[in-house]
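A, B, C and D are the chain letters, set down in written order, and residue numbers restart from 1 in every chain.
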């Protein structure tokens, strides 16, 4: 039996859904709570998108991971349970969706812990974390290690899982990338401005297929990040379905929850270890 | 006979045209009235686009709904009549096209009422409303209910019609979405900046077909929002025609005016009711 | 013989080239003259693009109109002659390429006249004008009429030529549109920011074909605006060639210089007359 | 034997890779060193992208040129050696990646020299230079000539190599262009904002093929600029491979390092000489 993180597969697909709901908007200013249309645009995610995606995953018999901000879990009490009872993973996606780089270390720590408390109160076991807006600080992965989680999924230093040394112990990083995020393809909102281009689902399907082919060539982790308020819409859900069908038809692609990949990666003695520290900068070279 | 809002159809298409003319530009600053080219760019909508679209609808024998700001109806006296006498619906699209979220509650109310007065003076019956820039406040739907209208079409909480409780009574929401708006695909204007990408009509046609296919799968409302100053142009009008022909050829798609969909939805006992209230926010969680 | 502006043709194509060179950049700040790469990017237009385009037009035996800022004609003395002697039209494109809406009426007038003086000194007959950045003021067309020109090509009120009343006399407007401009498709420059998307020439070719098909349907003026610093590049010049070949193969498309279209339009008794005046605005309705 | 810079080929392809790593981000503010995700996004270039690209070049047996900022060479000591020993060229790409137009002449000179010192200490022979962000000042090419380099590759005045007079002597310019840069197609980063659109590798492949076809028509230099942190990703690396395979299959395209093209160009008596000086600007014409 192979001890390689991806086993016999040419590439591994982790379908992940960031159930952000209203949080990324409120993080831009709580005054946006006054914007009724925008709030309804975000509520669509947990209300319409998540049930539709859960049905789609059932149909296709593939597992997934849902990254949920603590605030969202708290405000929609049945949400995490509805995900877990369908066999999927719920993971930590901050409490407020404020990015770590915008907070003091103390604020980030408090936000991190508060989310853990929400999940604990709901009886949801958490082994992985993803930073809000993919804006991790250097402290972020320390918090992940310190609180006993197995993996982080916020960095972009590779396209395969890698070991990340921290002060406490090693964790596994399941790297993400902007090109495997539906936000850049679909998100449009003028105020707050979160994106300005709306691509066709056919373009997105084409691009994800091309990226999967590249990853099968290079034996990578296709760590897809989709948002229920975006990819939960009818035409996009259909494109997601076509993508999964394509990947299944390849015959050499494995679908897994993030926690399963992280466990396999942690057990792989050949996994790359990548240093993780801030570059030193000199104010004479970079005066700004 | 089915009491379901969509009857026997797999999806319902409401073709809606927002006849904004100069108003979205003047709402950005009345000084833009000095910009002759920009004013002509907007005037194209009612002057060239609307007659062309009315002919296209006649040709294809499909009904439509035209959302008209009161200011536009007032400044072009024959406009609403030319629409109504071809069998289409005229609906309320604010007076000034200033977004409700940018106004005080009193300003929004005055703007709302002033538009109703214009339509009343022109003998146009109004049963539906759409907020300017899809930037409804929480008061917006209260105004819709208070003034006896049947439906609103400004929110994004679903992709099917839904019931919306208000202080006065329930109204029907016919939800919109950025992905079914021609603005994001075609609008380009550097000053004021209203958009910066010009997509090919073929991309737009492809995307709308993909979305309609998704909506036929999920039994949704394809609530298309087009603007005569954009989709009235020759190549885009041709793409719109191809889209309608595609939908008609599907055999399971129904075309209707918004008011007809709203009436069917109001009569459907199984229609989803969605709560409609501002999320509570805590300044400790969201300090900005 | 038909007195209709487009004769027997289904659509008329005017190939126009705005030879802006450095002017749109300097108009954003004369300090950009310090940016050597950016200056070379703009100089490519007259130095490499124009000769290539002149050869392409010869090959395909189609006429064109070149809108040249007076500053450019002055700084590159042989330029206008090289265009005229190949049978093409040179037209007025301001002196400095500063947009009329950014100038006082006196500044706009002085800029307008100074360009006429340059062309006069070079022995170039001028009968048409296009405002810099398509940002005409209400005075712009008055200046065109007052100085005896036949046509303007800066407005967007139709997709066919139209009559424009001025205080002096009627002129002909040959309307432009953002969707028939290569700038929105190809221009990229971060500082000054003039655009941020670079489309494939194949997308542009597809879009222009689709627009021409629409215009053949509606009997319109395909008034293409290309820039030698953009469309003069190899792959784009090839796409322009393919477009012209497509239009020629249609069999019902006529190519003409702007002046020829303007003369035919002026002689067409059925040509639409469009009012041309600033909308009245009320500071109570539009307070900003 | 032909003395023409491109020999018998219809077009010449120089594959160039700008190994920027963290520098373009730190140049926007050294505070970005706090952003762990962003730093990992940039580190991917030298850590994952460069080895993958070196293997790809070996497979396809084509040479390339790597433009490396001195700071990057210094912080990753084995990098330049790993490139040179595979037969490729390393060239000068500033020390800090701060654009020359943002520095004083003294700062630019110091930055230029410091990079030369790094390369000298690493035993890397340097004959060419490319300005950071393609934002050369008028001094930039003087520095290139003064320090005895053979060529610059930062300007956009042509699509073929050209002679550039300087105060010291003539150098060769190998011009670049935004349309042959992968940054505009792939770069996405919200903070600092470096780009906002993520195109499909298939679109990019199509566009580069179209541009190569145009360049074969016009006998030009296809000076591709790719970034390992962008084009090193799996799907994009596959598209790059497809592009090279397409060019090789054309049969009339030659691949070369920049230094080889520059040497051939320097020896070509028919090479165009282009003036290189700032346009004179008049504060009455351009008051800003």
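Worth pointing out:
Note that a residue touches a chain if its C-beta (ideal position, glycine included) is under 8 Å from a C-beta of that chain, and two chains touch if they have at least 3 such contacts.
Since this is a predicted model, take the numbers as computed values, not measurements.
Residues touching across the chain A-chain D interface largely differ between the two copies, under half of the numbers being common to both.
On superposing C-alpha atoms, the copy chain C sits rotated by 90° relative to chain D, to the nearest 5. Averaged C-alpha coordinates give centres for chain B and chain C that are 34 Å from one another. We define each chain's centre as the mean of its Cα atoms; on that basis chain A and chain C are separated by 48 Å.
Within chain A, residues 196-197, 203 each touch two or more of the remaining chains. Interface note: chains touch in the pairs A-B, A-D, B-C, C-D.
Listing the residues of chain C that touch chain D in their complex gives 22, 26-30, 33-41, 43-44, 47-48, 52, 71, 75, 95-96, 98, 186, 188-191, 196-202, 233-239.
Those residues of chain B lying in contact with chain A across their complex are 101, 131, 133-138, 140-141, 154-159, 175, 177-179, 184-185, 195-197, 203, 206-207, 210-215, 217-218, 220, 274, 276, 278-281, 283, 285-286, 288.
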